[in-house]
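In structure tokens below, several structures.
Same chain, two partners: subunit A is paired with subunit B first, then with subunit C.
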Partner chain A sequence: MISITPATVLRRRSDVRYRRIEGEAVVLRQSAAEVLVLNEVGASVLDLADGESSVGEWIDALRDEYEGDSATLARDVLAFASELAEAGLLEPVAGKEEP
Partner chain B sequence: MSLSRVVATAWRENLLFSVLLELTYRCNLDCFFCYNDLGLRGEPLSREQYFRLLSDLREMEVMNLTLSGGEPLAHPDFLALGARARELGFVVRIKSNGHALRGELARRVRDEVDPFLIEVSLHGATAAVHDRQTRVPGSFDRLLANLRELRSLSLRVKLNSTLTRWNEGEIEEMFDLADALGLPLQVDPEVTPRDDGDREPLQVAPSREGVLRLFRLQFARGRAAEEGKPEARVARGGDDGTVPVPVHKHCGAGSSGIAIDPFGNVYPCVQWRRPVGNLHEKGIGEIWSRSAGLAEVRDLTVRVKERIGAEGPGSHLLNFCPGSAAAHAGSPLELYPAAVQRREILEQVMVEEEKRALLPVVR
Partner chain C sequence: MSFGAGFLRHPDLFPARRAGEPWGDRAVALDVAGGPYLLSGLAATQEEALRRRFGPLCGPVEGGGTASRVFRAPAADFLPIDTRGWEYTLDLDPAPDALRVAGLHLMARLGWTPALAGALWTPETAGEEWTSVCENYLRLLTAYRLLEQGGALLHSAGVTDGERAWLLLGRSGAGKTTASRLCLAAGGTVLSDDLNAVLFDEKEARLRKLPFTGDLGDRAGGPESVPLRAVLRLAQGTEEGLRPLSPAAALAGLVAAAPFVNRDPFRREALLAVLERLARAVPAWEVTFAREGRLWAILRSISIP
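Entry: the complex of A and B
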């Protein structure tokens, strides 16, 4: 299990290809020849996973985009980031963890 | 959302998802039934025009990009274009004859283009048959060596073949060869006229017996592959992508996919050579959203769906292609002999399979 905190910095793995179709994301992991379809929040998380910004910064960015309870959004994004990392779509960037 | 729903959405909403680029018609082989229109003339797209096109396609959220030909590796900018496609995040496929895919070039393709898949043409199980098709002595032996090298480089390779009168007698051996190489083999049972309408390739169209032999073999291989597998899961209403999602079009030609020839002509599909615009005159975004020709094609795919649906319950066995229909019969709505024969033979094989299932198992 990959531990994800708001300070974690993640990036898309190099074999991940994705495009947005009507808000959702069609994702291909080339190495596994595996196709996934992610919902709108998942698609946004993929967009944000640039290897520069932290998960906490994603939450701030998404807070402006999506209405609803802030704590729930934070919990959902952390869980989603963890799931995507487990699925091999995202990887932590060494030495980029925010203090 | 399942992938099948995404595809249905792309068809319905005209969202461009897959593009095939015929980079050049130059080729280092000389296949007898090559479908390219080698007499077609025009101004080839420049490297800058390709870069602009790729950038536009990225903006349009196109996912799949196939680099084809001719032999795409014969294009002088192949690696630069492939590398740009990778940089822009396309899922890149390469359709090649495999003749030049070795050594330094194969390594550069892997490292610089990073294709998802390389589709390589195999025309027979023996040098005599394969080289008869390619009209280049030694091409079979060289292909086998190259395929082994591609495998050793961990490149994902698939073999494509067209069933012909020349190779139908060794179709079992072709599958055996593919198995020995550890590669999947897809066989198209239909030879089509050339893109300029020349029907010469039909001289080597497979016989009825040849197609029957192929379908029997494919069913048998499918059965063998199923043996030992766990019982199939019950489909969950399309969410797992196993159930087709109803859509009002016959196919995605011109709705989710297009093909572009070396001179910038845009077609609804690689099979359907009905020009709908040219990149020397307009950008791909404008062609996609405003081409009257594309609007007609999209309407035709709706009419094809209705036309083929009227053929009754077995209509899907026709595996009808409006592009092939236009080439064979002059209209994308006309049934053509190869499709009719395909349905008839598939129905025969399916009846045989049903009878086989009723036979007692002898141990």
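Entry: the complex of A and C
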């Protein structure tokens, strides 16, 4: 289990390819037998995973885009980031954890 | 398992170039979607078997086409394989400018220099053993050639009423042949129950007939090219009906149904671009159908926006 906190910095793995299409995202991995469809929040998380900004900064950025409870959004983004890391789509950037 | 180890006795001796000893001086040009495909270096028995297998699709060789040379390979170079209950998958080793392929009694290499060209090494010289090797190679070559032309090869059943076509997506066991039989029985025409080509013209996406079929066998007659009106993901069940798919869900299904190239990381961007265009251009649905049901009527009920 990969532990993801708001301070974690993640990036897309180099073999991940994806397409945004009408809000959702279609994601392919090197082992292309699996093709994933992500909803709008998941797609936004993929967009934001540039290896520079932290998960906490993603939450701040998405707060402006999505209506609803801020705590729920934070929980959803952390859960998505964790799932995408577990699925091998995102990886932590060593030495980039924010204080 | 390393590349070729499931098929070849000496994977490390895989031919490094598209060269070798040809079987003979015969050639065949096949007029198949994405083609023509020119196969040369053939023995007389290989040429005759291909002409029997592909019949009117064999055209004049003078016109050229995507070139492939066929070379000799000793039978001893290939591992014996018990094919009972076996699901055959070609072993691929993609690189930026080449693709190595190992399979049942075949080694192949595609290269881009810059035009796509191929080589096939096999010990098979005649009969179904040879045409089977050649067809497996051609399926692969067609997938790559179609991609170069902005199209795609798709694991699917293609059915038509002569004026419009429906593409039924599904891997082995998803019900493509069952669905094809239902459409046939209700008066439809089946282009193929296994592999179909999609290409774009100036106006629209079109389904192109291919000579690569599944359990239903060769489909003689019928149109060669029909406007594609819908993409459908197959689901079997008792509650028949349609459920719209988002373009993203359609794209995911199309990628999963694009054999060979969806395992090639160097062509995946191009594949995504082609299939995204298709997913945006053609409406997609999940169709649930029963074995004795009214699938053909459901397909024909789909209204086009």
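Criterion: the second predicted complex is superposed on the first by the 96 of 99 C-alpha atoms of A that agree within 3 Å, B and C clash if a C-alpha of one lies under 4 Å from a C-alpha of the other, contacts with A are read in each partner's own complex, and residues count from 1 in each chain.
We adopt the following convention: contacts are C-beta pairs under 8 Å (C-beta built on N, C-alpha and C of every residue); 3 or more make two chains touch, one makes a residue touch a chain.
Values in this document were obtained by computation on a predicted structure and should not be read as measured data.
Legend: residue contacts after superposition of the two complexes on their common chain; A:E22 is shown touching both subunit B and subunit C.
Of the two partner chains, neither subunit B nor subunit C is touched by A:E67.
Residues common to the contacts of subunit A with subunit B and with subunit C across the two structures: 15, 17, 19, 21-22, 24, 26, 28, 30, 33, 35, 37. For subunit A in complex with subunit C, the residues that touch the partner chain are 15, 17, 19, 21-26, 28, 30, 32-33, 35-37. Of all the residues in subunit B, the ones that touch subunit A in their complex are 1-3, 5-6, 9-10, 13, 15, 17, 61-63, 89-91, 114, 116, 156. Taken together, the subunit C residues at the contact with subunit A in this complex read 246-249, 251-253, 255-256, 262-263, 265, 268-269, 272, 276, 279-280.
Within the complex, the subunit A residues that touch subunit B are 15, 17-22, 24, 26, 28, 30, 33, 35, 37, 39.
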